[in-house]
């Protein structure tokens, strides 16, 4: 079993790249791999709690909670997040808040890294 | 003097299209035109209050407040906004919340319409 | 129609500009669209500049990229945000953002 | 290096794929990248499919677009998310998302 | 002001960014705009798909099972059910080898309208005849 | 694990989306990563600009006055000040007619490093020699 770190920058809702990221993380965790997920850029909006799950929109919240239960470590870029007006107390429980070096440190101990840019 | 309605879909922070939209709205209002601004998609994240203005990030909040004071009407797509976990009580004061027909109604009485898609 | 088109990228993914017809066509270069006015690719100016003689580039978006208004192709008029507002209301009746 | 490249768009704006060299190159088509496997433009299959024989397309992303696995070019192997995880860990040591 | 005609031009494929999908739902909203307008005032969008915008429209989409979201196909049917004119560029469908009969319809749900596969010239005409054009 | 080499490849221009700018700040963060690592462990990114990624790097940017944000130029200088290797593709600068001396430097601020304008082959080599590649 290996360690996969994914950096995701594109945002939640409608941008299917975000959905891809969560599904890939889930599939890797289900196979017993250790998965770390770093959110930066627009993706940081997705750690806001109390997302209303309308049928027409993806939701990050349910998925993120399920991934954390599976042992996936998820961290949001604190600066990107507060710049969007989202405070730690508004965030989904279990999501870590840290700076960009968190991502680099996880990369240091990873077998595979997938950096997903885009927006 | 005329009426300009702008629909903005790309999100706040780092996407300079959002900055363009606010600056164009300001310039039109300063010339005495009536301006309506409709946020949908990622742009709806920008109506969240309490954005921390770090030097490395654009901020919507200060700008939005200034535009509202200039008489610009700003409305966010309610469904897009709550799907992102942002409630009305978290929003910047003075921003309207409504459905997509708000945009179409403003277009009905507009001389010019600029729909900015993108993300 | 009198159509004002905003171009915000250097590399365009849609071929809309090649197909659309307008009695009067204006191209307003903003964001990374300003490179069409400032930057030659392999020594050749952007073919966008051949599409109409009504060409504008946003000064703020040239300057933020470290370029000067003097770097702009002679066919393109440098404008500011206020000028863009006047173009919108006085020169074109429909607007498109590509 | 053994490089697995994820392609998520049909129209590509970067020419990275034309320049990069790898001892082993894999292309994993996801999101709108799956059109490279399913869709011919003017009757011609995507030139991306000529770049390597290690071609994969994500089944979920084919199906959500109303297409079937049988619409996929014979050179491309249809995979699911679990297969992509195995490709990542077993076949490639570096990964790129274009 | 009476009726205001609009041309919605979708030029990006479905299922990546959100804009091309929001174009459909924004057009559908024409149906409820009357609550903001005076008697006799209406807004009439034509929903047009060109270029890569014709990708992701075809029937048989399974978005709810696969990704938990409403499909574009379902939005297209709703657009037809509320009597929107939906125009898809014939040249672009041909370019990508997508047969006309791959376009969804909502006849079994009682829609009178069907998707109109038309030459680009018809879409140009829709733009010419509209008061405003909205590019998505 | 000792040192882990990374190649950051920026292929989109600055000043539109956020990704190409975040590439720079993420590379700069290598400087403080030690708080999470054991003694002797390091991460060494090389920051490489290719294709349209070479656009928006040149000096003379006035982002704070114009748009109220830190300029890419200033981020580039910070990258040099923390001794990052910054590689800009020579062929692509030439393709766009951008002179090498338009690249910013931070010598007056005391930086030892300067931007290295190199053939694409050097950037390929950086990718080959890295444990991971990160495309922005």
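Just so it is clear, A, B, C, D, E and F label the chains in written order, and each chain counts residues from 1 on its own.
Here is the rule we go by: contacts are C-beta pairs under 8 Å (C-beta built on N, C-alpha and C of every residue); 3 or more make two chains touch, one makes a residue touch a chain.
From a predicted model like this one, the values you see are computed outputs, not experimental measurements.
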Smallest count of steps, each to a touching chain, taking chain A to chain F: 1
Partner chains that chain B and chain E have in common: A, C
From chain A, the most remote chain by mean C-alpha position: C
Chain located farthest away, centre of chain B as origin (C-alpha): D
Between chain D and chain A, distance of the C-alpha-averaged centres to the nearest whole Å: 24
Inter-centroid spacing, chain E versus chain A (mean Cα positions, whole Å): 33
Length of the line joining the C-alpha centres of chain D and chain E, rounded to whole Å: 29
Per-residue multi-chain contacts in chain D, two or more chains: 8, 11, 13, 31, 60-61, 95-97
Chain E: positions in contact with at least two other chains: 12, 15-19, 22, 25, 52, 67, 132, 135
Per-residue overlap in chain B, given as positions that touch at least 2 other chains: 13-17, 41-42, 56-57, 59, 112-113, 115, 117-119
Chain pairs in mutual contact under the definition given at the outset: A-B, A-D, A-E, A-F, B-C, B-E, B-F, C-D, C-E, C-F, D-E, D-F
Sites on chain B touched by chain C in the complex: 2, 4, 16-17, 20, 23-24, 26-28, 30-31, 33, 111-118
Of all residues in chain F, those that touch chain B in their complex: 15-19, 21-22, 25, 64, 67-70
Contacting residues of chain F [partner chain A, same complex]: 1, 4, 6, 12, 17-20, 22-23, 25-26, 28-30, 32-33, 35-37, 41, 43, 45, 132, 134-136
Chain E-facing residues of chain A, complex: 13-17, 19, 55-59
Chain C contact footprint on chain D (complex, rising order): 11, 13
